[in-house]
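Per-chain numbering from 1; labels A, B, C and D assigned in written order.
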Amino acid sequence: MSSKLFAIVIGAGTGTGRSCALRFAKAYPVVLMARTPTSYQDTVNEINSSGGKAIGISADAADVASMDSAFESIKTDMAGLRLAAAVYNVSAGYGVKAFLETKVEDFDASVTGNARGFFLFAQKTMPLLLDAVGAGQYPPTLIATGATAAVRGSAKFSAMASGMFARRALSQSLAREFGPQGVHVAHAIIDGGIDVPRSKGYVMNNGVVDGKLSPDAIAESYWHLHTQHRSAFTQELDMRPFVEKF
Amino acid sequence: MSSKLFAIVIGAGTGTGRSCALRFAKAYPVVLMARTPTSYQDTVNEINSSGGKAIGISADAADVASMDSAFESIKTDMAGLRLAAAVYNVSAGYGVKAFLETKVEDFDASVTGNARGFFLFAQKTMPLLLDAVGAGQYPPTLIATGATAAVRGSAKFSAMASGMFARRALSQSLAREFGPQGVHVAHAIIDGGIDVPRSKGYVMNNGVVDGKLSPDAIAESYWHLHTQHRSAFTQELDMRPFVEKF
Amino acid sequence: MSSKLFAIVIGAGTGTGRSCALRFAKAYPVVLMARTPTSYQDTVNEINSSGGKAIGISADAADVASMDSAFESIKTDMAGLRLAAAVYNVSAGYGVKAFLETKVEDFDASVTGNARGFFLFAQKTMPLLLDAVGAGQYPPTLIATGATAAVRGSAKFSAMASGMFARRALSQSLAREFGPQGVHVAHAIIDGGIDVPRSKGYVMNNGVVDGKLSPDAIAESYWHLHTQHRSAFTQELDMRPFVEKF
Amino acid sequence: MSSKLFAIVIGAGTGTGRSCALRFAKAYPVVLMARTPTSYQDTVNEINSSGGKAIGISADAADVASMDSAFESIKTDMAGLRLAAAVYNVSAGYGVKAFLETKVEDFDASVTGNARGFFLFAQKTMPLLLDAVGAGQYPPTLIATGATAAVRGSAKFSAMASGMFARRALSQSLAREFGPQGVHVAHAIIDGGIDVPRSKGYVMNNGVVDGKLSPDAIAESYWHLHTQHRSAFTQELDMRPFVEKF
């Protein structure tokens, strides 16, 4: 494990966030962020008890003061280390609702959590990533988790799609601005249900085995993105179960 | 002119909004909306003095109370008429800024004006458009003005692109939900500078004649969208000067 | 009717081609092209007997010698006139087939008719269109009819999609090369079944009225594309029935 | 190295093809295919002399008889092994040419090498890949190398884009048809110049270090695609140098 670098995963719950934290913890100390310790504490313990190093910080990605305070903590906790990778995995404002039953609060919740939070997270992490260019084996990397709703507006997904389209807009804009400065910015379109504890009850793809995305598999591709040579950065890739219609 | 129908154009300033109001006023009474009368008053006068019928209403598209109040007025002013067409042409939060100099207020301004306003405008107009299905010669139509930044995130456009991507997300979602109910929802990607009074000083495409989009030409295509047969709805089209690189 | 200009529609059968010929014949003499007179003769007669002017020419768009000969005829038949608009509406190699049952001949037929024919048609018409810049009221226009299979490869559509993707590639390439020279090149994504005599038996969208595209409606949008001001060219638009899933 | 599986790379020259062969040879015996032994012989020797196993077969991907014969050889040479991965890396008909100077032969060359060859290669390899489902550690994989010209038609790229769009159409169609059967089909958009011997003289991105794609980096991502879990298949990803404008 490199002693010079660390990683941050925000939206570190039981699915993709947890798997990313575990995957990146094989190489770096990891900061797990979520609104409440309930989300990250088990994973923090799991990492620390298996030879890795992790800390958890409670923060609301979309709240300026909360992010200011969280990154002050990180500065202290990770003193002397540079930021190798940051993963934005917050999901917010999800809800399938007919448009005329969708409240402006639903719209606000989606845009706030899905895009404003990513904006603030990027504002906090980008200076740290720029500072890490050339410091580690791999180019510093900022990855955002996207969804089908990031590339396709659908009936009853007006709120969700608004926030996810905006998140993708940010990811593209940042890639074009910071790629030439050596920071790798990527966006992953997760097209399908993820196999997490709370989705156990949902039957997808007729219940076929591997009909939901394994969060560990997603994390493995995120790690691959992080390791890509700077002459061959991927900005966007999709991921879906082999049986998913698309 | 049909006496049973009317149209609304919001973001009715000196460019596309004004041209749309003039174009749709050839067929319908038109409500022009903008934050201040300065934006719409000249156009309202121009329409009324040349045989058309227009009223102006001051409103902030992104403000719930303001929209509530504006649509109460419209209900009274246009009593007995149904809504044939609504155009969302608000532009907000424009600004080319390096990401690390972009404030969260810039992000908020773009998302609020470019997307939240469209959300609220659609919430107000969609019930009226649904109520007009079958009432006029053409299917009721909701058109949103988009931009290159709606399909492409660019360096220094992080705030702008976030709002415009979200606007496009809404347009697609609404098209898929309300098309089958007979309402035509379309999104126009305006790819280039528009030839408006305030852009006179900007040299675009080396100053070649017609190197900026004529707002009247844009309005003509919006009118065409409105007249499309319901068996052949266009959801999205691009428009750019013949000399524009793309 | 302008006496200085003419139009060409290739793939002039009973659907979109016929409707385009009729629509453009309101303004220009029209050349209808198809492989056999059976396809175009009735429409030619219909135009000529109702005050318009039309001729039919038999040609295979994808065959060099056939196109050479056809355009020699056109040169004579339309002597003194310039080419205002050309529509490529050939459809070829259609067939929904499992990939492993698809023959290389199916692939060749699709690519040949859907793309090679458009390549040859554009090679013949582009010099004529360039020669017409500034000659008529509207910018000279080359329109290609596309399909869902031009933007989406689907199971069992490998041959069809190959040809239609290539057609779209050509349209984009030509738009970018010849737009700045004043020629408008556009591509229409027709997403749905067209209401033509031979599709009468196919139930689409549960048989709902207007669940298939009216070819007259398509032609009306093609005409609109032709009339667009050069400061606001559309390169691509989609068209589908209001009830079509997309 | 697995003794039950093998891989095929066609278009095995000095760049991406060579790097893929070397990368996949770490895990599998590899068949290198190209039109002439000059293209693949050095790489075959390099693999065999460093502990791997490789054979070279001369074949023209776009020629039916040549492919029939080549795959008869493969059947014998790789008797008892199943096909783990196949990479289509042929590039053909490249040439930046003004449209009116482009010959139909240029169009044919691009479509033939870029798409027809992939069609035939997929017809030959897909039955073998289907037969390998479940046989190895990773899902059997078919990867096609794409380019910017696969997603964007540009001035002077009419021939090139036609073939590359068609190749992408095939890749999508095959992914949608064979993904549910367990075969992973992916398309990589290589957006930039590749750092190969014959491009040494071309200055790209102002000559900045890593301004051309490392073919080894591309191969590393192809290998990652091959190893993806079937619950998280990537259909498409882009790759470009960090300094590339896009």
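As a convention for this text, a contact is a pair of C-beta atoms (placed from the backbone, for glycine too) under 8 Å apart; a residue touches a chain by one contact, two chains touch by 3 or more.
Molecules present, by chain and UniProt name: A, B, C, D = Short chain dehydrogenase.
All of these numbers come straight from a predicted model, not from anything done at the bench.
K.L.:
What chain lies farthest away from chain B (Short chain dehydrogenase) once each centre is taken as the mean of the Cα atoms?
P.N.:
When every chain centre is compared against chain B (Short chain dehydrogenase), the largest gap points to D.
K.L.:
Determine whether chain A (Short chain dehydrogenase) and chain B (Short chain dehydrogenase), two copies of the same sequence, contact each other through the same residue numbers or different ones, counting it as same when over half of the numbers at the interface appear on both sides.
P.N.:
same
K.L.:
Measuring centre to centre with CA averages, how many angstrom lie between chain A (Short chain dehydrogenase) and chain B (Short chain dehydrogenase)?
P.N.:
The separation of the two C-alpha centroids amounts to 34 Å.
K.L.:
In angstrom, rounded to a whole number, how far apart do the mean CA points of chain A (Short chain dehydrogenase) and chain C (Short chain dehydrogenase) lie?
P.N.:
Each chain's C-alpha centroid was found; their separation is 46 Å.
K.L.:
Roughly how many whole angstrom separate the Cα centroids of chain B (Short chain dehydrogenase) and chain C (Short chain dehydrogenase)?
P.N.:
It comes to 31 Å between the two C-alpha centres.
K.L.:
For chain B (Short chain dehydrogenase), give me the residues that contact two or more of the other chains.
P.N.:
If we look for residues of chain B (Short chain dehydrogenase) contacting two or more partner chains, we find 176.
K.L.:
Think of each chain as a node with edges to the chains it touches; is that a line, ring, star, complete or other?
P.N.:
ring
K.L.:
Show me, using the given definition of touch, all chain pairs that touch one another.
P.N.:
Chain-chain contacts present: A-B, A-D, B-C, C-D.
K.L.:
Could you pull out which chain D (Short chain dehydrogenase) residues touch chain A (Short chain dehydrogenase) in their complex?
P.N.:
139, 176, 179-180, 182, 184, 195, 210-214, 216-218, 220-221, 224, 227-244, 246
K.L.:
Which residues of chain D (Short chain dehydrogenase) touch chain C (Short chain dehydrogenase) once you look at their complex with the stated criterion?
P.N.:
It is residues 64, 98-100, 104, 107-108, 111, 115-116, 119-120, 122-123, 126-127, 149, 152-158, 161-166, 168-178 of chain D (Short chain dehydrogenase) that touch chain C (Short chain dehydrogenase).
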